[in-house]
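Chain lettering (A, B, C and D) follows the sequence in which the chains are written, and residue indices restart at 1 in each chain.
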């Protein structure tokens, strides 16, 4: 079977020391045979609930930090792009470009990211059906992309809650692209904290198991040595000291799935 | 780990010959160590989309058929109860009583089923949160039940489509009861066939895998030697000649989950 | 234009004195030219959230109370039917039979109600599209009914909240039947009170206005002299001393709609 | 009562002649006492379903066209802003800035629009609760805006369908801002046309009536002399030759609402 692609890191860049503390664990995981790790962190949280919420170091400083983490760890890196004119710089600094779910229909952003020639990970809009992601794939493929993955990160279910339609993974895969399951953001509770987004960490691994079982090419997690101090998404992160064991369990499960499918 | 409870059978009772053809496969599966099988078939489809849709043999003939299948196969049996005054007769003929999802809030039905002293499988209403199933558990426990299981069978997502919120399995399990995943009905497309309910069989095993991975005590399937001839739910059924292999794959997966969890 | 049909009363029968206190106000409203009032109260709340919740006087006592209210007030009466074998008695005691939303797909219940020859008000299931109510109409029409109305009372929107899709009124009307807007139950918050169903009375009249403006043949309200003492739905009821003024405003609005449409 | 604010125009700028043909009708409507009209057209459709879909004349040419329409008609103008660096130019050319629903959480865009000092119309994200729009108001108010309106344009309801939660109008108004009802986009059927967004024009006026009845400060419509030739949203537009009569009916309805409320 193909190795699992693991996209992981802190939610937002805070300091090089913190990033490297996390990268060290990811390097350790990356030494396993059946997983390839990409380091992910945001330079800007562009759609925070509140104006006063912390956003990150900004694009210039942030990309320098990502380059340093990539260089010191040897891991490829990824970050999210919010505006078309950010794509070129991100494409030069990072190996994989991520398009946020809220922006999954913004044509110029998709085209600008594709034009870098880098592979892209586009998160399914929380307001889109998995079938309609085919138009995203077409936009990107028609624009020179170095490949595209589609990511399930939850669909809005009423107000204030997300649901993972696990069928979205095989449906999006049937579009001819690899699929990613974003376990961290799937458990968000938008507006659940009054001016911030809540979540439920305890559901992250169970949902990731379900995603592996139904079939996913990649998993996305946020991890942090002290999640409660993260400027965002702390409620959904896996504590760093539990991260490798979590991934180990998911890889064990994935091997069984591979064995089952190869026997058919 | 606990053996998997497998609830399976044709959707509706058609003939003893057909029921026994399916039961023979189930007996074969039941001979495995890690699974216990209950034969399920309905005597009446009480909420068909259309008045003209076929409904089944009715309670008297249906319960006699279930008794004969149970007696000849040695398998315990279950069927769904639609009205409070059916509960006693069903409790005498069957080993497990099933409450349909649409009726999950009908107090008298729950109480009448509980009063038989038989264990019950209550399907989560397609319009209920998993958390709110606690009130169902309380109604049943306060009424003498011989135990209750709760079943995830999909939640309405917009019109005409169901979504499985896989979090419902651990949430309902946290209420202190075993949980069931109904793979067959989760893929229904209500109204999708114009006067009948459509579905998508290809998603049944993938969703069942996800349910096993996130953790379920029981699985529910409908199977038929010729699904296209079934009076209902044919689009969602697993063909009988593929059924044992499907269950075998799910049991393999479940062993891995058990191993992973016992190592924690 | 046709007079508005107003279906109103306390949620559940408590005492004759209370029922008559409400009926007196309804008689007053009924004296207006452009409205016909039907007194509604339940003899049993059959799907309360909790087992311990109060349910009402039961069918025998309840139907006697409804007959007395009808006789003393001169108003036609209606109540909800929960089981097929209740239909005949309800049809003898009341002028209009109501089928609860959770039970909108139970074929036997629909058929039994239709067989009384009384007109019926079937509430759209909270889990059904307005288009799919055509099958309900067909079930009823094929069974001898004295006419059927369809009622919008909210559709489940995520967990714990209902939304009124106002398009359901013209869509269901296009099935060739009169439509009802149930303003009281549309503002329920299922599970919102921990073991009971919450609500928001302030939204009742605004939603009723929207329904009148988009076009409805009937309105359904619950009213009570002391809503906070009602055994159920108190949070959603209009206080009795404000009820006639509320209806007056809605009738004024409806006359404008009639004028606008007759000028087209 | 306050005059109704009417925001209307073609969806996207095509030619000056077409824009002026529509503006002439709007000028006629604007001569009424109880309505103030703003001309709206997009210079770019930035989130079309498909890459090949037509997008408009672009910002430079588009803003010149809007200035010409404004100058010749005497009507204030508005258009949607997609990127922060477009806000300044749009603020110089137009009287009102519109933020698209998909972008309602993009902090930089909101702040850039607010910084122009122009009033803004922010559409509620199809994935947001009306209550959570308070954070949008706070972002804008904290950034120098010349006033903000919030617009209901539908919330995703399952896949491929929107629902108007009419409660969102009074809920958003309770945040202390005027509210807008976008009747045209509320009837979109995303993905409904296979690579394009479908819709249902027949529901536009009924929904607008409901919005007026529940209470709205402004209405938003798209109109076109030949909707079937519009590059986008043609299925949802009101034909221009029916537009004034439609608005007339809505103004009649609104006067009744004003009268009703002033009598309370």
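Everything that follows uses one rule, which is that a contact is a pair of C-beta atoms (placed from the backbone, for glycine too) under 8 Å apart; a residue touches a chain by one contact, two chains touch by 3 or more.
Nothing here was measured: the structure is a model prediction, and the numbers come from that model.
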Count the touching C-beta pairs: is B-C or C-D ahead?
B-C
Hey, how far is the Cα centre of subunit B from the one of subunit C, in Å?
34
Quick one: report the Å distance separating subunit C from subunit D, using the average Cα coordinate of each chain.
36
What positions in subunit A touch 2 or more of the other chains?
155, 157, 159-160
Quick one: do these chains touch in a line, a ring, a star, all-to-all (complete), or other?
complete
Over in the complex, which subunit A residues touch subunit B? Could you list them?
155, 157, 163-167, 170, 203, 206-207, 209-215, 249, 252-253, 256-257, 259-260, 264
Enumerate the contact residues on subunit D facing subunit A in the complex.
46-51, 55, 82-85, 102-103, 105-108, 111, 125-129, 131-132, 135, 138-139, 142-143, 155-156, 159-160, 190-191, 195
In the complex, the residues of subunit A that touch subunit C are 157-161
